[in-house]
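Here the structure comes first, spelled out in structure tokens, and everything after it is commentary.
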Amino acid sequence: MIKVGIVGGTGYTGVELLRLLAVHPDVEIAAITSRGESGTPVARMFPSLRKRVDVAFTDPAATDLGACDCVFFATPNGVAMGQAGPVLEAGAKVIDLSADFRLKDIATWERWYKMKHASPELVAEAVYGLPETNREGIRGARLVANPGCYATAVQLALLPLVETDFVDRDHLVADAKSGVSGAGRKAEVDLLFSEASDNFKAYAVGGHRHHPEIVQGLRQAGGKDVGLTFVPHLVPMIRGILATVYARVTRETDFQKLFETRYEGEAFVDVLPPGTQPETRWVRGSNHCRIAVHRPMGGDTLVVLAVEDNLVKGAAGQAVQNMNIAFGFPEGRGLDQVALLP
Amino acid sequence: MIKVGIVGGTGYTGVELLRLLAVHPDVEIAAITSRGESGTPVARMFPSLRKRVDVAFTDPAATDLGACDCVFFATPNGVAMGQAGPVLEAGAKVIDLSADFRLKDIATWERWYKMKHASPELVAEAVYGLPETNREGIRGARLVANPGCYATAVQLALLPLVETDFVDRDHLVADAKSGVSGAGRKAEVDLLFSEASDNFKAYAVGGHRHHPEIVQGLRQAGGKDVGLTFVPHLVPMIRGILATVYARVTRETDFQKLFETRYEGEAFVDVLPPGTQPETRWVRGSNHCRIAVHRPMGGDTLVVLAVEDNLVKGAAGQAVQNMNIAFGFPEGRGLDQVALLP
Amino acid sequence: MIKVGIVGGTGYTGVELLRLLAVHPDVEIAAITSRGESGTPVARMFPSLRKRVDVAFTDPAATDLGACDCVFFATPNGVAMGQAGPVLEAGAKVIDLSADFRLKDIATWERWYKMKHASPELVAEAVYGLPETNREGIRGARLVANPGCYATAVQLALLPLVETDFVDRDHLVADAKSGVSGAGRKAEVDLLFSEASDNFKAYAVGGHRHHPEIVQGLRQAGGKDVGLTFVPHLVPMIRGILATVYARVTRETDFQKLFETRYEGEAFVDVLPPGTQPETRWVRGSNHCRIAVHRPMGGDTLVVLAVEDNLVKGAAGQAVQNMNIAFGFPEGRGLDQVALLP
Amino acid sequence: MIKVGIVGGTGYTGVELLRLLAVHPDVEIAAITSRGESGTPVARMFPSLRKRVDVAFTDPAATDLGACDCVFFATPNGVAMGQAGPVLEAGAKVIDLSADFRLKDIATWERWYKMKHASPELVAEAVYGLPETNREGIRGARLVANPGCYATAVQLALLPLVETDFVDRDHLVADAKSGVSGAGRKAEVDLLFSEASDNFKAYAVGGHRHHPEIVQGLRQAGGKDVGLTFVPHLVPMIRGILATVYARVTRETDFQKLFETRYEGEAFVDVLPPGTQPETRWVRGSNHCRIAVHRPMGGDTLVVLAVEDNLVKGAAGQAVQNMNIAFGFPEGRGLDQVALLP
């Protein structure tokens, strides 16, 4: 049984962590902090937790996170880079769900996130928390940079292709679609029901922050640069990401088998049978990423479809998976939720 | 560890039973039947179950349901009344999620369900499976009639009022609203996304089948007749019921306390603090019914708000709760899912 | 051809006015003001208007609204009461879509809207713009108080009942359900897609601002006090209101005929055939209110169902209808849009 | 004033035609046929039309369509090819909203639509009704093959690129997303609200019927073959298509200007300012297609975004536009509806 703390638990990744950790048999939720909500029982803010989670938000300044074994940062970008240091020094492991430690190149990070990075040395130490590529590193890590939601889906869809040499890796296209919860619990007009419902649009077409993260991961996995066009879209649904990835075949192979072999033994990556067209609801609330490989009309373009729940495998679920790995628990502990369908 | 069977697992209550039973520690899913889908793995029809449920549909004729300890009927109305008998005789307990055994008065049942009842003697034996009123009966029951979704929410909202004498029980109003999954997985034009989305309507205003069921339950609980106007509505959401119940106060009491006292100790009925306005998503995927008591503008009309997930506390979750009671397991075993929010 | 101005055109009622006025043959949109968006073409903010509306927001201070024949206030509550005076003095008619002039009793208004009223004398002059009760008053009015969205639907559902003596007028219940656009274009967490979608709840159960407005209208129409319990709910759809109204019958009559007779000749009130269950999409984008009269199971409770589009008959459409009446145009001019279905 | 007839008016394109034609000043709806609904007033089936459209369905066998000036076929594929001939011979013009006359190559048509074509000679005569490429042909046509919804959006997004030589026309990618109404008013499980809501998926990845139609149109426009990967997706919204088109730049030009020049003077194609990210609701209910041209991160991949309402510019609206052209009315007559936003 370990003690965990959550910093910044009032957003969607925070409440999702609580949903998952509440039923994790090896975890005690020791602390959850919020500057604005100090003293409020979490179940008052999120009544879905009533009769399940019985802790209250505490003031960060008055909370000894160092007494925890594991601290999750579910904070806006720019917070963890300032606060993770002392927590690590006190002996806790840190899993950061924000973007603060994801990009190894500080200049790139600062350009995309428009602020100065507060702890480049921790960036160097941080392990990128995609278990399917970095499991061993996560095992020994003090500090895990939990991947972005798009970044998880797109990398899982592309890893088998960039680790081998069967497609044109200089001209990959990832047309990604996300539910609205990916934008967080922020009071912005664009995210209002009356704006986002019964509507569909692309956004950040000029460039999205997950682009450098995806490219860094693919480059590391494949050992060479990749060229990627990444266009995210906003779907009128709460949860879920579907990434539709296009790659031009340059050399033939059995792509279905390539994917099955790559992900054999991966508990949370599910390579679907040929011909399957995955739906986001197949993973609603579960930690799986389900992937299908297509070759439309037998042409030279490969189409890979990957679905995940952006708040689970794309955020809180993967964070718990990383915690399990880091603490030596079975990797799937506390993550056996079946997707909610319908 | 008991062996359970599911008859008719291709509808929404069927897949919901599988979602819940898949993580129930005392249950082995021994059989699931479907005439049309015999041989199909359930996870092919419902890929949300992939990597979690590994059984295939079997032909009912070739399936020995009597070898199960507990058989759930998740069939259309009119099936269980014909098939439950032999299963019971073989020694299994039966929990019927359809309406076949809910109404004690056969003539009433036949009028509302427009068919002849095949086994009135089993109706007499069946225990109505609302644990909050019939827990002791369920404990010893062979045959449990699992309540309807509206019937559960409306009864839980009204029980404290009909068991006492503080409101006009002759003129109760239940204005109920349900998500579309309540109508089942049926290919009907009215239930199409393009018809039901971005839309709202009342239906069955002239009379709904859950009316006699609610009235029977309230009459039994209160020991006298009740007068109820019940109008269901269709909400463009998948899961969830909100019942807004109106009752004229005839004698003063502390209604908040009346409800809290009535449901003290009930694990799955949550009386909310004064002033709370419950939302259906607070119970999405969980087995709770959450209830709030209001007195608008201090007038003489009491307003009770009750939310539940129609597929969980309104169907499959309550069925598992009944199974737990009937088999002597802790009542909440396998039902600790936290509601999915957002 | 008259010149119209719109004050505060950046909200939903503003853009809806533009949608309707853009195709009105007797209207020229002469001015639309917005402090924050001065200089911005309206079609940049609302690209739905591209190729249809070619005006830009202007600064209120620099705009001579008095040069208009008719000025619509689509502003938050509290603005029109301060600005309508000078516009009226300059000779324009004013139609206020906010609540500033709806309640005749100043003390009641100040209690519900939590501010001091700036021009009680204009309240006295203002005509409540429900054409179905006040058509003659509107014809001669300088200042029209356009009704609230709930207030329109609930009054139209109840008028035939409070103008006669067949039901218990002391214990009316209006269980109303509205799409999210009724809350306006405000960046609030509660209105986010991720909060409001796939969800249903009641709100303002303790008391809603439209309550005194409805009661005032019904009292005026019926010549006696009424007792009303009014509970609004939030539906996960963009537009539309359904009011389900309950009244206990105290004296028998042909209620269907009562409604048909009352609304004979009303272009925008549609009494549906017996047995009809109206859907909000039947009026999506149109100025109609469609009403059905039911008597569930032949009991003593009458159920009236009324649907409208909260932004059309519940706001901008009714405002245009009032303008047509006030200026002597045919009442339906510019309001022949057919509801968008599906 | 011309007399129009509609064959098969019970689907979504049928009711949409009625919505548009009801307010068209030069049109009288003379007949609307339905085998199953003969005798039913259309406003009983679609109450959105009450007080606006006052005709009843008639039996096709008893209806003299030849007495009409213009007959729309809003029928399933395979009907118009058998019935259009006699109507044309009687002197009426025919606008077919189904796929029967869209593909010039009969063998290709028969392969994709899985039936024998009944009137190849009419295929030869038919004019493909995309005004932006075939306006002159439509002007003189007796028989217009109204384009498919995806085919309209994708062609309009690609025409400026295939008519010139700045991109690799052998490897175009169109990732298209459609609202559910595109699938029609068919009682199929996949289209149920409980299946399609809060969900996202690709479908027909292996090949979609609009693929050969798009390729035929692009080939004709550009005078050379094109290679296209086309993947449609299902969005949980009622109306709207967004096509995201990817093309590799092979020679530099000002693409924004290329599009603006190509569509200069087109009333229903709206090339948006640089940087715009169009939303489907910007055209909800209107006949516009709005297009934006992007160059993500300055790379070598061009991204074109095109939105339309699949039932308007993608079906009934374009059909009315074609009727206007064919009969010499102003092209935009009856099509001045402003998009419904929100």
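We call the chains A, B, C and D, going by the order they appear; numbering starts again at 1 in every chain.
Please note the rule applied: contacts are C-beta pairs under 8 Å (C-beta built on N, C-alpha and C of every residue); 3 or more make two chains touch, one makes a residue touch a chain.
Predicted model only: the values in this text are computed from it and were never measured.
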Pair joined by more contacting C-beta pairs (A-D or C-D): A-D
From subunit B, the most remote chain by mean C-alpha position: D
Approximate Å spacing (C-alpha centroids) for the pair subunit B, subunit D: 45
Inter-centroid spacing, subunit D versus subunit A (mean Cα positions, whole Å): 39
Interchain centroid distance [CA atoms averaged], subunit C/subunit D, Å: 36
Subunit D, residues touching no fewer than two other chains: 12, 179, 181, 185, 194-195, 197-198, 236-239, 278-279, 281, 284, 342
Residues of subunit A touching subunit C in the complex: 12, 179-181, 183, 185-189, 191-198, 236-238
Contact footprint of subunit D on subunit A as seen in their complex: 171, 173, 175, 177, 179, 194-195, 197-203, 205-207, 211, 227, 229-231, 233, 235-240, 242, 244, 246, 248, 275, 277-281, 284, 294, 296-297, 299-301, 303, 305, 342
Sites on subunit D touched by subunit C in the complex: 12, 15, 18-19, 22-23, 46-53, 181, 185, 197-198, 238-239, 267, 270, 272, 276, 278-279, 281-286, 288, 290, 311, 336-342
